[in-house]
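Heads up, the next two complexes both have chain A, just with different partners, chain B and then chain C.
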Partner chain A sequence: MPVVYVNIFLAFIVSLMGLLIYRSHLMSSLLCLEGMMLSLFVMLTVTVLNNHFTLANMAPIILLVFAACEAALGLSLLVMVSNTYGTDYVQNLNLLQC
Partner chain B sequence: MKPPILIIVTSTIVLGTMIVLFSSHWLMIWIGFEMNMLAIIPILMKKFNPRAMEASTKYFLTQATASMLLMLGIIINLLYSGHWTISMIPNPVASTVITIALAMKLGLSPFHFWVPEVTQGVSLSSGMILLTWQKIAPLSVLYQISPSINPNLLVTMAATSVLVGGWGGLNQTQLRKILAYSSIAHMGWMAAIMVYNPTLMILNLAIYIMMTLGTFMLFMYNLSTTTLSLSHTWNKSPLIASLILALMLSLGGLPPLSGFIPKWMIIQELTKNDMIVMPTFMAITALLNLYFYMRLMYATALTMFPSANNMKMKWQFESTKKMILLPPLIVASTMLLPLTPMLSIMD
Partner chain C sequence: MNLFASSIVMTLLMLTMPIILTSASTHKNKFYPQYVKTTISHAFMISTIPMMMFLYSGQEMIISNWHWMTIQTLKLTLSFKLDYFSMIFMPVALFVTWSIMEFSIWYMHTDPNINRFFKYLLMFLITMMILVTANNLFQLFVGWEGVGIMSFLLIGWWYGRTDANTAALQAVLYNRIGDVGFIMAMAWFLLNTNAWDFQQIFAIEHDNLNIPLAGLLLAATGKSAQFGLHPWLPSAMEGPTPVSALLHSSTMVVAGVFLLIRFHPLMEHNKTIQTAALCLGAMTTLFTAACALTQNDIKKIIAFSTSSQLGLMIVTIGINQPYLAFLHICTHAFFKAMLFMCSGSIIHSLNNEQDIRKMGGLFKALPLTTTALIIGTLALTGMPFLTGFYSKDLIIETANTSYTNAWALLTTLIATSMTAAYSTRIVFFALLGQPRFNPAIVINENNPLLINSIKRLLLGSIFAGYLISHNITPTSIPQMTMPYYLKMTALAVTMLGFILALELNSTMQGLKFNYPQSPFKFSNQLGYFPIIIHRLLPTMGLSMSQKMASMLLDMIWLENVLPKSISYFQMKSSITVSNQKGLIKLYFLSFMITLALSFFVLNFHG
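Then we have the complex of A and B:
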């Protein structure tokens, strides 16, 4: 397996860690979600182009489309949180604890 | 929500799950999951209040992470096997990543933290869709890749799920959280048998969906979301109180009712495969589940909870809630045990 895949995989892991371990802002977890999507896009493109899976040439673009829809949904939820609380701190999302 | 929007959103949810169910291309499965997640957020926010918003945000974050992990597993599988079909996953790393992603979507422990909070924040009907329909798609994918899942991982997740589902529900009085922990425990039972006989997982899913739909509809009849409001059912609609009794016992898995069928079959299948400790452990932790069902039942149907004196003389109004298919669901959730020998047609 070429070394470039290790690099992109590491980028994914760093974004995943950034999603799971965040301090105060909801926006940073949404950004890390986009970072994960970007690293997956690059990994898929490199795989499809290097191995000549010609029929799968559309797959990275389809991934991009659905991830963009998801990002829009995440942003709209962020806007609603921000409308209610004024900021996007995640400490505000504490209404539903046991 | 206006009817045209509700129709579009509901049909997208159904379409998303259907795409997952009948695809053999991994990318289509991922697309089906994305459509499902995108369309269920408006359903979760039907009643607009801060709790619903917080529940939707938490649901979105966990499901989006799970989708990204699923895509990572798909790409690693593509890299090592060269095909996109959902048959066997030869690479153990890809198989582990995909299993973890699907466990996050299902709410298996140790990824169960979102289930009680999200179920609590949404309305009863949205919670019903969340706990029943949303489980179909991930479980169908797990069914199809079950020969190549790491058994140790799955059995560990199942064992911790039944523990968490049993212990977590003990301190709850909110009905939606109780049903959320019940869902975690049932997912644990389904995950335990997936390695040996995936057909029994489908049986468990079918019976669990019927019981949970019936339970939610009985709760929606009185619009009750806490144990206290459920304990007033004996006065308003005594028939519902006795049906809650039957359904709670069935959820707990007691013998003459049909909730016992999946537990019996799963324990039988596990012991046939020489696992003794696991089914014993699961059967014992099912007692924890049974305890909080019985406490609900005790408060609702077996005793009169302390209430003001004028509660005993309330007018019994007709409820106008639409409960679709409730009588067949109740019958199917409590009286199917004699039909168990019919399972031999699935061999």
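Then we have the complex of A and C:
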């Protein structure tokens, strides 16, 4: 497999680990989510351009649109949490205890 | 013949003089009431000239003065129809009004706005004259609305009192419902006969006249307080007694009956509308006579008596006797106005006491009023050879011998006996027995204004029936031969009513008061009609509209269906489903470990 794919895949794994292992701020996991989206975008673009999948030229752009929506959603949730608690510390999200 | 037109025009013009002179501030003068009274008495005397000319020669006249406008093919003029009906009604109305004006100088003596009162009464009289002499429907409508407006202003004369305002509003609203019928008739005549003149309407042959005649019957129901649109008449007793005497006994409430009488050439051939009028009149006369039996306010009893007599007039129209109905209008005016004036004299003497349970023993204290009240009562019930006899007895005889609805006839007879019963009640409670009023008042009827006016109407109540019925032109032929029992029916039921009422009243005098049972409550509360109609319909309408607008649209569709229901559902289901502890970092770490573990296991298995 060409080296560029391995590279981007590695970027994706690093962002994923950043999403799943974080200390206190919710914002950092959102940023890593963006990183994952970015790496996926690059991988998709490189694949489509190198293999001349002309019909799939739209796919990265659509992926980008959905990533933007998702980022907005994540940010709004962050703002909601921040409005209630003042900070975005993850240990505040414990209302669903039963 | 020349004198006919000129005297009529002079009469009508003379009546308008005091109104026109208000612009010259004659109306601030101290003697304005006397001026108005003298004007009316002179107008009465002049109007007897054309009446006698008409009775002598039998010639009618139509004065068409002024061409107002022509709308495409409709020509509207100012025209006066001076025929049998208007020629005889005008002197009668003017005579009664003269006496009432003289009475109200005494009655409203202490009122600061007495000049305005007289102006209103005079304006009412003018519009009534316009109504009576109108030759086209438009002019009649002008008079019709005019009497309605003046009735409103006069009922609410003491406008500081809430009940008076409510009663005035009630009168206007009920009259308005009748006006819808009038306008429907006008529209039908305009569309189908292209005229609003009586001559043209009566000359054309129509095929089906149900719609306009039903409209006119509705108008008469509203204006003459027939059943269904009747509550305004007893409520109208909130006005001063002269107003009750003039408007709501002799003049305005007969406008509805007068309208039907005017259209008698059309009603002769329409059996449907005649039957409708018959049943409506019979229902009215029975219902209002039953309601009058248990009222305690003397003016309300007389108001219900008026309503009952109006029902009798409509019954007369229903058996196709317009001339008899007209005769009853003229004779009824005399004794009813006199009854109201006597009650006004009693009320004023007892220091504004209107409850008959608090009167009594006035037989010796107010001799002239007592005399007049008793004679008026006898005339009302149809005592032979007083005024009421000549019209009322003829009506009952004709109804007995005509091919008519038996139920209507029976109810009319029962109502006739009830007439005697409640009249006895008035006489018994107000005049006989020991006094039940506060003894520290001065009872005085020595004022010549009061005495002269009552005396005049007294003479009218005794002699007018004879004079009128023996001098008028022959109209529809009365029934000459009938069996004894039919001839004596009216007298017999009246006697029955008298005796029964007298017995009951004197027997129950000293007994313990028992709480009212259902028939008493039905009669006293006017058949629950005002309570139901005035409250129930508006409440239903308002609450339904509030529920539709506020609850249905706003709160349910816009608020609850999508937004709130989704959020509610989600919250409930998430609480049900989740059993979280909120350890988010641990959960994400578990993702990580699972991924790593699966990577290693699946990669290095082989």
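Here, the second predicted complex is superposed on the first by the 97 of 98 C-alpha atoms of A that agree within 3 Å, B and C clash if a C-alpha of one lies under 4 Å from a C-alpha of the other, contacts with A are read in each partner's own complex, and residues count from 1 in each chain.
One rule holds for everything that comes next: a residue touches a chain if its C-beta (ideal position, glycine included) is under 8 Å from a C-beta of that chain, and two chains touch if they have at least 3 such contacts.
Source: prediction; values computed, not measured.
Undergrad: Mind checking chain B and chain C on superposed chain A, clash or fit?
TA: clash
Undergrad: Examine A:I21 and indicate which partner it touches, taking first as chain B and second as chain C; both and neither are also allowed.
TA: After superposing on A, A:I21 lies in contact with chain C but is clear of chain B.
Undergrad: Please name the chain, chain B or chain C, that touches the greater number of residues in chain A.
TA: The partner that reaches more residues of chain A in the superposed model: B.
Undergrad: Classify the contacts of A:L93 with the two partner chains as first (chain B alone), second (chain C alone), both, or neither.
TA: both
Undergrad: Now for A:V3: first (chain B), second (chain C), both, or neither, which partner does it touch?
TA: neither
Undergrad: Touching A:A59, do we find chain B (first), chain C (second), both, or neither?
TA: first
Undergrad: Once the shared chain is lined up, is A:F12 touching chain B (first), chain C (second), both, or neither of them?
TA: first
Undergrad: Which holds for A:V81: it touches chain B only (first), chain C only (second), both, or neither?
TA: first
Undergrad: Could you point to the stretch of chain C, among 325-333, 577-585 or 595-603, that collides with chain B in the superposition?
TA: 577-585
Undergrad: From the superposed pair, tell me which chain A residues show up as contacts to chain B and also as contacts to chain C.
TA: On chain A, the overlap between the chain B and chain C contacts is residues 16, 19-20, 29, 93, 95-98.
Undergrad: Which residues, counting only chain C, touch chain A once they are in their complex?
TA: 574, 578-585, 588-589, 591-592, 595
Undergrad: Of all residues in chain A, which touch chain C in the complex?
TA: Residues 16-17, 19-23, 29, 90, 93-98.
Undergrad: Under the stated contact criterion, what part of chain A meets chain B in this complex?
TA: 1, 5, 12, 16, 19-20, 26, 29, 33, 36-37, 40, 43-44, 47, 51, 53, 56, 59, 62-63, 66, 69-70, 73-74, 77-78, 80-81, 84, 93, 95-98
Undergrad: Please output the residues of chain B touching chain A within their complex, sorted ascending.
TA: 27, 30-31, 34, 37-38, 41, 50-51, 53-58, 60-61, 64-65, 67-69, 71-72, 75, 78-79, 82, 84, 116-118, 120-121, 171-172, 177
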